[in-house]
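What follows is a set of structures for review.
In what comes next, chain A is part of two complexes: it sits with chain B in the first one and with chain C in the second one.
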Partner chain A sequence: MTTIYMDGVYKKLKGLTVINNISMTLTSGQVTGFRGVNGSGKTMLMRLIAGLILPTKGTIKIDEKVLGKEITFPESIGILLENPAFLDSYSGFDNLKMLASIRNKIGDDQINHTLEAVGLDHESSRKKYKKYSLGMKQRLGIAGSIMEQPDIVILDEPTNSLDTDGVERVKQIVQQEKERGANVIIACHDTDILDQLADKIYYLENGAMVQSTRRVPQA
Partner chain B sequence: MTFYKLLKYDVKNGFRLGLINLLIVALFALAFCIDFYLRKNGAYIFDASTPEGTFIDYLFYIFGGIKEYIPSRTDGFIFPVKWLLLHLFILYSTLYYPYRDLSSLGLNILVRTKGRMAWWLSKSLWNICYVLACYLVIFLTVFGFCLIMQEPISLNITPMFVNDLLEADSPFDIFSTQLVYIILFFPLFISLALNLLQMTFVLFIKPLYSFGVMAVILLASAYLLTPILPGNYAMPIRSEHVVENGVQVTDGVMMVLLLIAASFIAGCDYFRRYDILNDD
Partner chain C sequence: MMTNTLTPLLKIELSKAIKNKYFITTLIVALIFALLSAWYIIDLHFYTQSMMKIHGTNGNPMTPAFSLFNHWIGGEATSLGFTLFFTLLPLMAVLPYGWSYFIENKTGYLKTVVTRSSKWYYFLAKYIATFTAGGLVIFLPLVINLIVVACFIPAVTPSTMYTLYYSVAHVSMWSYLFYTYPLVFVILYLILNFIFGGLFATMSLAISFFFKNRIAIILIPFFLILILHYSRTFLAYKYYREISPLNYLHSVSIENPVSSWIVLTQGLLFFILTFGITMRLGVKRDIL
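Entry: the complex of A and B
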């Protein structure tokens, strides 16, 4: 199980502070939500945790290992960033198979199972990615982030372009990932969804954390 | 093992995306072969028989470049269209793949491989493989053309073509075998070096600007005969084996090694702390 520590993290890009002194601890088996207006720093924070960008100041540790120094990326992570992108000329299934071939941890059955869980049946998952609707692309992106059952799951706006069925599936998936013991981090514009899913919500404004709330367990 | 998988992904995916460009390279080579064949027939039309052009003559014509430009009131600078087109097209063919891969499936691949250096090395090897494939396509096209037109498949340079058709203004009547190796390998080596350099520049500036920098380097090389501009080594008619003030092989080898090493090391070092933002 994985714990993420952030200590006094700053990120400057082109002279602009996009993340401003963020400290937090994110633990396994919990869903952490990030909320804020566009440009508040949610995506940047997720990219920092994923190791895609490195802090200008401060430290991010994944299980005591400093990101960017001791490890380049978290050992076990699945990410869905704003716009999922895959290879146009391959089917959804083939795209996931190619991704899975890097770690070689799962086989075709697990990929198919995950595709079904996100609502992509056998027929639609064999279509070329370029023929996918926005909603199907989003579902495939979610499947790619969870199929290998990673310790950290990062979902940036997972309900974008999804219909009601898709949104319900996302809720179920997040719940299942939490129960599995994953450290789930989610950013979402839809306040209702975040309120339902997240155990703790951090509010971001101009790259700084301005408030955090913890969900009261319902009796 | 992970690196092998990453390289396999890059070679498979990069070549799949660049397949059409390889066909275009073949078409360019074919067009240049036809051009040489027609020019050769036209130039010696009043001779008893048209001399045969060998495999290496065709390659010399394609990769030759232009003689040194000496500014004067009467002679304007003539762009080496064939030479520029070929080099720029190969540069363009490798321009976008590594960059776009980072905003596509490659981002998730990168995170799974856990190594930024492995990613850079894999992209560099893909780049080298792709440029090698481009030159292989050119060689095979010329080979096929020579077979069809019943031109000799030999590495003997026909001396009269050097001044008559390539307009090299060479004082020599015979050419050493070293020139054959220069024709075969130097355009390729410089292409490899410039393609890697372009890939490194893409980390610092936008891809199109990086391509622009390469175009300026090639144009400047065509304009000025100097050992510090790498394009000169990719023009065999500017070699010391063709003209007395030509560029030297040893300098060319040094230039290639320097460019490849500098590009790879700078790219590797910078990519370790490169922010992957997808700010397309």
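Entry: the complex of A and C
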């Protein structure tokens, strides 16, 4: 169970306020959606939660630990931010194996299982990454973010470049991650997908949160 | 988490640094330069020997004058291979892996790695891997040159009778070892080249924090060393000591004798600057 707590978070970059006084609490076992036009601050907010950038003002706590002071990054996090990025000269499988070896929490079976879940079969996952199509790259990016079953899963535009099968798989994966108890955060332009998946949606405009809606459980 | 991710990260970084096409290509080019030197110098040696037989040297074979230790690439200063190797050394050191952080930051790969470990570990592993790749790409061709030349030219201990043939100034760094334990002298130069090759490579890593162009990142360390090299015309002659790494990374005192203090100071300065910038800015800066 991981709780993300944000209190009065501001972020300024080169004199420009990109995140403006955001406060929210994100709990595990829930899917949180971020919606907004390009440049509204969705990705920046995800970077803040991931610990990649630190707030200019305000506090972000992950399970009561202050990000940037008590911890550098959330202890268990999987991210797909903007475009997936892997090493061209390695296969999809080898890329994931290399990343997994850093924490050494999962073995080859778990990696293969995750690759199958995103729709990359044994043959395609052994191809070099540079030969991947955009859709395959996106699938590998999703696999990389969930393979270690992290407590926090951040997916920025996870359906980019995906076909219908890919989009359906993303929906299933998000649902499974939620049921597993992960704290799932998604930014997506597709309003239908976000409406279907997210338990709560935050609307962002010029870095500020302007509205939030909670999904009403269907009877 | 902080205690157990450095070792795997270091293994990954070292593997990436050495098993990449840029490392292999640069190593081949550096090897060609080193073997060009060996070819020229071995050929010259046999020509000189045959000329001595014809013209004679009053019965003196002058054996110590024609030793492995003044014929390997780090001890001669006449061949094209030598000139190419020691002039392009700062550039060759950078090519295998100096650009790596810049690319990983640009593509976003950095994000997926650091969130699994820590910024400190990531940059420490990156620094060590960049240093190692830069050092190895210089060190290996020198060792191979030494072995090839040793197959043809005897490793006779140099004699102070023939200082003119060695150009190792008596006040120059480690010169006493050259005339007593020449192999130790050569090994020290090999280590020196490994260290400076590594330091030149890490210059590129440090520069990555200030420039957003891959070509600039690769070329700037080379130009910085060239500036230092040519500044010797108004700095070195004041003190009559070598200040250019391009001139002190081999044992031949082309212009001025080498001072170990200058080498040590420059080495430490390069290390403090490159390591300091990498770790300080790397850990402090946002990852966008």
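What we mean here is this: the second predicted complex is superposed on the first by the 219 of 219 C-alpha atoms of A that agree within 3 Å, B and C clash if a C-alpha of one lies under 4 Å from a C-alpha of the other, contacts with A are read in each partner's own complex, and residues count from 1 in each chain.
Basically, a residue touches a chain if its C-beta (ideal position, glycine included) is under 8 Å from a C-beta of that chain, and two chains touch if they have at least 3 such contacts.
From a predicted model like this one, the values you see are computed outputs, not experimental measurements.
On the shared subunit chain A, the superposed partners chain B and chain C overlap sterically.
By the touch criterion defined above, A:M1 lies against neither chain B nor chain C after alignment on the C-alpha atoms of chain A.
By the touch criterion defined above, A:M98 reaches both chain B and chain C. Once the two complexes are overlaid on the shared chain, A:V66 sits clear of chain B and of chain C alike. Touch criterion not met for A:V210: it reaches neither chain B nor chain C.
Overlap of the chain B and chain C interfaces on chain A comprises residues 13, 47, 50-54, 72-73, 75, 77, 79, 81, 85-87, 89, 98-99, 101-104, 144. Contact residues of chain B toward chain A in the complex are 2, 5-6, 9, 13, 16, 103-105, 107-116, 273, 275-278.
Residue ranges of chain A in contact with chain B, taken from their complex: 13, 47, 50-54, 68, 71-73, 75, 77, 79, 81, 85-87, 89, 95, 98-99, 101-104, 144. Considering their complex, residues 1, 4-5, 8-9, 11-12, 16, 20-21, 104, 107-109, 111-120, 286-288 of chain C touch chain A. Of all residues in chain A, those touching chain C in their complex are 13, 47, 50-54, 72-75, 77, 79, 81-87, 89, 98-99, 101-104, 144.
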